[in-house]
Amino acid sequence: MDLPTATGPGTATAAPALPPVADPAGPAQTSGRSTVRRLLTRPEIGGAVSALALFVFFSIFAGDNGFLTQGGTANWVNAAAELGIVAVPIGLLMIAGEFDLSVGAMVGVGSMSVGITTGGYGEPAWLGVIVGFAIAVAVGVANGFMVVRTGLPSFIVTLATMMMLLGGALAVSIWATGSSNVSASSSGLTHALFASKWMNDQLGVALVWWVLLLVVSAWMMSRTRFGNWTYATGGNVVAARLVGVPTDRVKISLFVATSVCAVLTGTVQTLTLGNGNVTLGSAFIFQAVAAAVIGGVLLTGGYGSPMGTACGAATYGIISTGVLLLGWNADLTQLFIGALLLVAVLANHRLRALALSGS
Amino acid sequence: MDLPTATGPGTATAAPALPPVADPAGPAQTSGRSTVRRLLTRPEIGGAVSALALFVFFSIFAGDNGFLTQGGTANWVNAAAELGIVAVPIGLLMIAGEFDLSVGAMVGVGSMSVGITTGGYGEPAWLGVIVGFAIAVAVGVANGFMVVRTGLPSFIVTLATMMMLLGGALAVSIWATGSSNVSASSSGLTHALFASKWMNDQLGVALVWWVLLLVVSAWMMSRTRFGNWTYATGGNVVAARLVGVPTDRVKISLFVATSVCAVLTGTVQTLTLGNGNVTLGSAFIFQAVAAAVIGGVLLTGGYGSPMGTACGAATYGIISTGVLLLGWNADLTQLFIGALLLVAVLANHRLRALALSGS
Amino acid sequence: MTETQTATRPVVELRGVTKRYAGVTAVSDLSLRLMPGEVFCLLGENGAGKSTVIKLLTGVERPTSGSVVVDGEEVSFSSPRAARDVGIATVYQEVATLPLMSVARNFVLGAEPTVGWGPFKRIDMATASRTALAELKNLGIRRVDDGRQLVGTMSGGERQALAIARAVHFGARVLVLDEPTAALGVRESATVLRLVSRVRERGVAVLFITHNAYHAHAAGDRFMVLRRGEPSAEFARGERSIGEVIELMAGGAELQSLLTGVERGQVGVGDDSSAV
Amino acid sequence: MTETQTATRPVVELRGVTKRYAGVTAVSDLSLRLMPGEVFCLLGENGAGKSTVIKLLTGVERPTSGSVVVDGEEVSFSSPRAARDVGIATVYQEVATLPLMSVARNFVLGAEPTVGWGPFKRIDMATASRTALAELKNLGIRRVDDGRQLVGTMSGGERQALAIARAVHFGARVLVLDEPTAALGVRESATVLRLVSRVRERGVAVLFITHNAYHAHAAGDRFMVLRRGEPSAEFARGERSIGEVIELMAGGAELQSLLTGVERGQVGVGDDSSAV
Amino acid sequence: AKDAAATGQPVAASSGEQIKIAFVSGPLNDPFFPPLYQGAQDAAKQLPIKLNYIPIDEADIQASSARTMEAAIASKPDAIVVGDFITNVVDPLIKKAVAAGIPVFVNQSGQDSWEKDGALGFIGQFGPDVGAQSAKRFLDAGKKNITCVVNVAGNPYLDAICKGLGDGLRAAGGSSDVFTLPSGDGTDQSKTTKDLSGFLATHKDVEGVMTLNNLTGYAAIDALNQAGRKGAPVGSLGVGKSAIDKVNNGSMLFLVNEQPYLDGYLGTITAYTYAKFGLAPVGVIKTGPQFVDKSNVEKISAVFDKYPNVIGPK
């Protein structure tokens, strides 16, 4: 709904401000000075600079409190990775012009799926993982289908789905285990895949998944037909459809991707911690959007990159960990997170404007 | 970000589907059969029908549990009124093409402002009320100013504000009273204004404020210059600016209105219940948007009505009270609310399409 | 309404105006005078600098050098609003009207007539509706008969007419039209061209910007052709043929090369073809 | 590339097609034949039914009665995609390209060339870029020399050229152009008209829809004028003058009434004025 | 539990007339409440009770506390059982129900005010008691500086426990911080761990952590490990399978068992007997706090494995 302002304060006959020369998804090629400019006009530049600046900030002000230690680093990297797994596909969906509020609830669904199976019934974890992913696919298809068929805003469709999922997960877990919280465990391959830890058990497997997801989606967006279609769908759905892009399929696929990745995060968190909970992940909804926007994804669709969203997630991880390590009044934590988020978004916005105008 | 689909599945050369003959804000005039059609194409028709249908539904299924008693009626009316006070200005802001996530946190700020003043320091309530409204005006101006100046999406700006307000309110109340929850009291005029009750103390003063707000804003939107400007700002901000509409002022004013009304709800809830709480109102964020959309406000701006949003708030109030009185399984409550919301939105959408095509 | 065209002082003048953007000189050393009751046509192909001239006249941009003169006095507009206040109204090609609002509301937008006072001040909808319909009728638009009709249901020509009617009604002494016919069909264009004549008859100075030489010829009193920000020709009605005007607008040569059939063989359209 | 125009069977035909919408008959009993290597101009003012004809030909709508014939066989397209698959490509006025994507990506959109297999299948960006630039150059667009340039930085004419080049490159046997020059300046229009000639030379059947009689005259081989859904005239190149064509399109009379100066006095444009 | 059904209530069984009970308490997505819900349901199944369990929305705890209680009154039940978590809000509504002739029993929280509100009995525990007794256990373990983690901002019951803890410690010369989790993080164990390690990194003198539900408890153990304070004592409210294991293996010092099943079961039974026969226990039925530590963990584990829903989450 921010469309009128999304293009910035325009003048009389101004068209939307365009990055003059940069294919957001094009392969990098070198040609001297223009390489720098090309780099500066990439969508992820703002997010990268935000993350870096905050890293430096906290290294200076929270360095003695362990921000730079193995533990401190693992702390923000884990936070960034767990958020990133959810945020990267949300970023893609936003590029395609849609939005998914139900991811927060899907994390809980994934969590309970594993929890009920292992803690509740003592079955092996892989069964719960499979069930979780199956539900994710079904919910993603349902979300996508409703949005595509009715033309209703995805914000409102997925708001309804979110509530239903929260309620449904609760009802099922109470029915199955009598509780909304249940222990979870895994072994063998499932454990290796979803609960591995390194570096004195500090760095979780989420990082591996995140990097994997990032590589795959960066490759997909910049190199494959599907990536091209995603940009086109978000850029102008009618134009894309007319040249034969299966825009409905693109949207539905991305709704499935967001759900599946939400369940992935839920599974990783649950098996790493050994505990499943219905309400797990509800804070991701806003954080994921914030990460995508900090990372340069256009809220109106058609522009952005997975790498940018990942930088946004890193920014968020650094802020939320760093603030606590400042050693200031703990009650002020959230105030700082909010303030830094605002600064990051504003600086980022300025930076991009600067990079674009300077060309 | 739903723009591409907001106009529905368009065909090749289709322009956005337009309600053929209806000024959303025009004064009603009678001219036989066309009056019916004019009524059917008003934006609030969907919300009104939703509210009515759910009322009938719960009268049947929760009637013996007291849904139709004075107490049951007061219950949903209070819920609708408290939500409505927040939702109506949010609806106006959405008509102007912007959005405010920080209202939820503002309710808590208003609540703690009164709570700390009265329960914490024993000062008179009017002082807290004044402080609350002053903060609301400041926050509203800040939100509006940032959105208007930077051209950043209001979603992200107000997300940051929301976090800062939540953190700030918590920090201040713990610092001032040692708790995030504190008793509140009022007397005299302040009590009469914000804590009056009628009908065996069942119907709260929120209803009066809601009706007042509704009358004022309906009148404003349909009759005053400011209303005209609001529709124009949301419809096309560049066009509006070019014919001399002070679009920035319109947006900032509406951001102030949302904050002020949030504090109003917070004050009423706090003084009526005699208790202030930091988290008060956080559930309003989604509920207010849902109410506005159910009530026919276009998520992309430029179309909608206060009456419609009010019908949306009533729908929500009826659902949330009705579900409590159904006496069904408690763990299914949320699932049920989600499903009803989805049905309401879908039905509403169909109904509007039907009303528009039938002409 | 019809005033005699005796006024001799220009309402607005540009004197030796240059506008530079980073690297680009959009307009250089341009002077023009808009007289009341006269249609001044600014012609030029894409990028010639037409829109920049509008921006300078309507306060959206300020000149790098040179001056804008209103009623003989040099001015410096701080905003589009300031230009509006001295009576310079602009009708843009696309963004002129709001489809989801009614005809009456669109008409009065930004200058709503009100009744009542203080908090009870409200838009005089009856007057707004009456005025809007009357002005539309004045300008020859008769199909619209209900002020509550949404503008989205009107044709492109009707919308353009609404925007022009609005500008004229609210006291425009200078009406700037930026390619008002670009998106319109033949009949709709004719409607707009006829509107321009009517507006001119009321003594308004019209700046008519177009890249359609035929439309310019149909409506203009005086003409200026811009090429790369510089005036390449200036002439009055009757001094040049359409063919010559097209020649002047650089694209004409190319269009002719197509038409005269270098690539295609002779097109048998007789005398007309040479003129086009 | 240049094929001789010897094919005698139409690629696509409409036979006695009627399309009714609730209450409105948009097209009634219309027959037309698109021949390879021929530009068929469909003329008509707003609402004449031009877009409806396109929709029928491209599978967006199905006729109420009558039939669509491709290569001599009656077909019923289930979707725009089905029409594309038999080689009917459409270039729409506004929505043809995506400003925030690069030239190369826009060019191949929906028909991306790929290399690799299975999960490693990827767009062959080098080929895409090379092809896009080559095709643009073929059609006379030389300013664009980097496939990574965003389309948003190109001019309207260049964008239209990109859309046409794309359609032709991907095997269109029938190219439907819906008012491709409506939003363009003179030189850009000339570019597009020249493109149409080139496409025609390749043996593609072109359906050129416009309300600009001059553009039609510049590019067309055969002409049909629609008025209120019915063909009001059909003729070949050279059979009518531009003036007559404008007459045929109902709006012409009105534009003339303006031009011949009933309201304005004589416009001194000599012979030309009578032609327009 | 089957035995109770066998001995049954002959009067109710023969008359077949149902007693309508409205039970207002916490939401089931908070792991504390499912056993309470289970207890209430078990009672309702055993007796001719029509139970309407009305859950308060914790995310909007204050407004929801009022609305649910009002709905309970509006449904004109034979008796109401209510969890009085925000006394300022709920007390007046209890009075209102009593004035409307509905017998009210206060459940779980609200020991301070139930009597003056006109409620007929109290089945539950006393927040500050929990804090005070927990303080004693930390002191017994030789730890004086304990951080109390509030996982839901704005919940006065949790505030009260932390206050009790702080008072207890300070009385013995110790000290206590309260750390309120950023909103939203309370439901995310992984994020809670990170928040807590950040807090511990800047509060190096913290010797132990008191948490108010199991999830936060587990997070605290991980966070203390990461902060290099492995073995520092953690005490927590709630009893769950993992929590019992952690008491067993020594990584958790104690668990506070509030016995929510009893809150629900006895609350419902008491309301029933009063509504039907006018009989009810006099005064307070204390259902907690019971402490689970190394000394009694075996016994609890045994019951837990057999009847998991009765004590806490599996």
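Order as written gives the chain letters A, B, C, D and E; numbering starts at 1 within each chain.
Definition applied: a contact is a pair of C-beta atoms (placed from the backbone, for glycine too) under 8 Å apart; a residue touches a chain by one contact, two chains touch by 3 or more.
None of these values were measured; they are calculated from a predicted model.
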item: Pair of chains joined by more contacts [C-beta pairs], B-C or A-E; value: A-E
item: Most widely separated chain from chain B, with each centre as the mean of CA atoms; value: D
item: Distance from the mean Cα position of chain D to that of chain B, given in whole angstrom; value: 49
item: Distance between the centres, which are taken as Cα means, of chain C and chain B, whole angstrom; value: 43
item: CA centroid of chain D to CA centroid of chain E, Å; value: 73
item: Multi-partner residues of chain A (each touching 2 or more other chains); value: 12, 166, 170, 174, 236, 238, 242, 331, 333-334, 337
item: Chain C: positions in contact with at least two other chains; value: 80, 90, 92
item: Residue numbers of chain E (touch at least two other chains); value: 28, 37, 180, 182-183
item: Residues of chain B defined as touching chain A within the complex; value: 1-10, 12, 14, 94, 97-99, 101, 146-148, 150-157, 159-168, 170-171, 174-175, 233-234, 236-238, 242, 286, 289-290, 293, 299-301, 329, 331-339, 341-342, 345-346, 349
item: Interfacial residue positions of chain A with respect to chain E in the complex; value: 65-66, 71-72, 74-76, 78-79, 82, 119-120, 166, 170, 174, 177-183, 201-202, 269, 272-275, 277-283, 320-321, 323-327, 330-331, 333-334, 337
item: In the complex with chain D, residue positions of chain A that touch it; value: 15-16, 18-27, 29, 219, 223-225, 227-229, 231-232, 235-236, 238-245, 298, 302-303
item: Complex contact set, residues of chain E against chain B; value: 28, 37, 50, 52-55, 57, 59-63, 66-68, 70-71, 73-76, 86, 88-89, 92, 96, 150, 152-156, 159, 163, 178, 180, 182-183
item: Interface residues, chain D side, partner chain A - complex; value: 80-81, 84, 90, 92, 95-102, 104-105, 108-112, 114, 121-123, 125, 146, 148-150, 152-153, 166
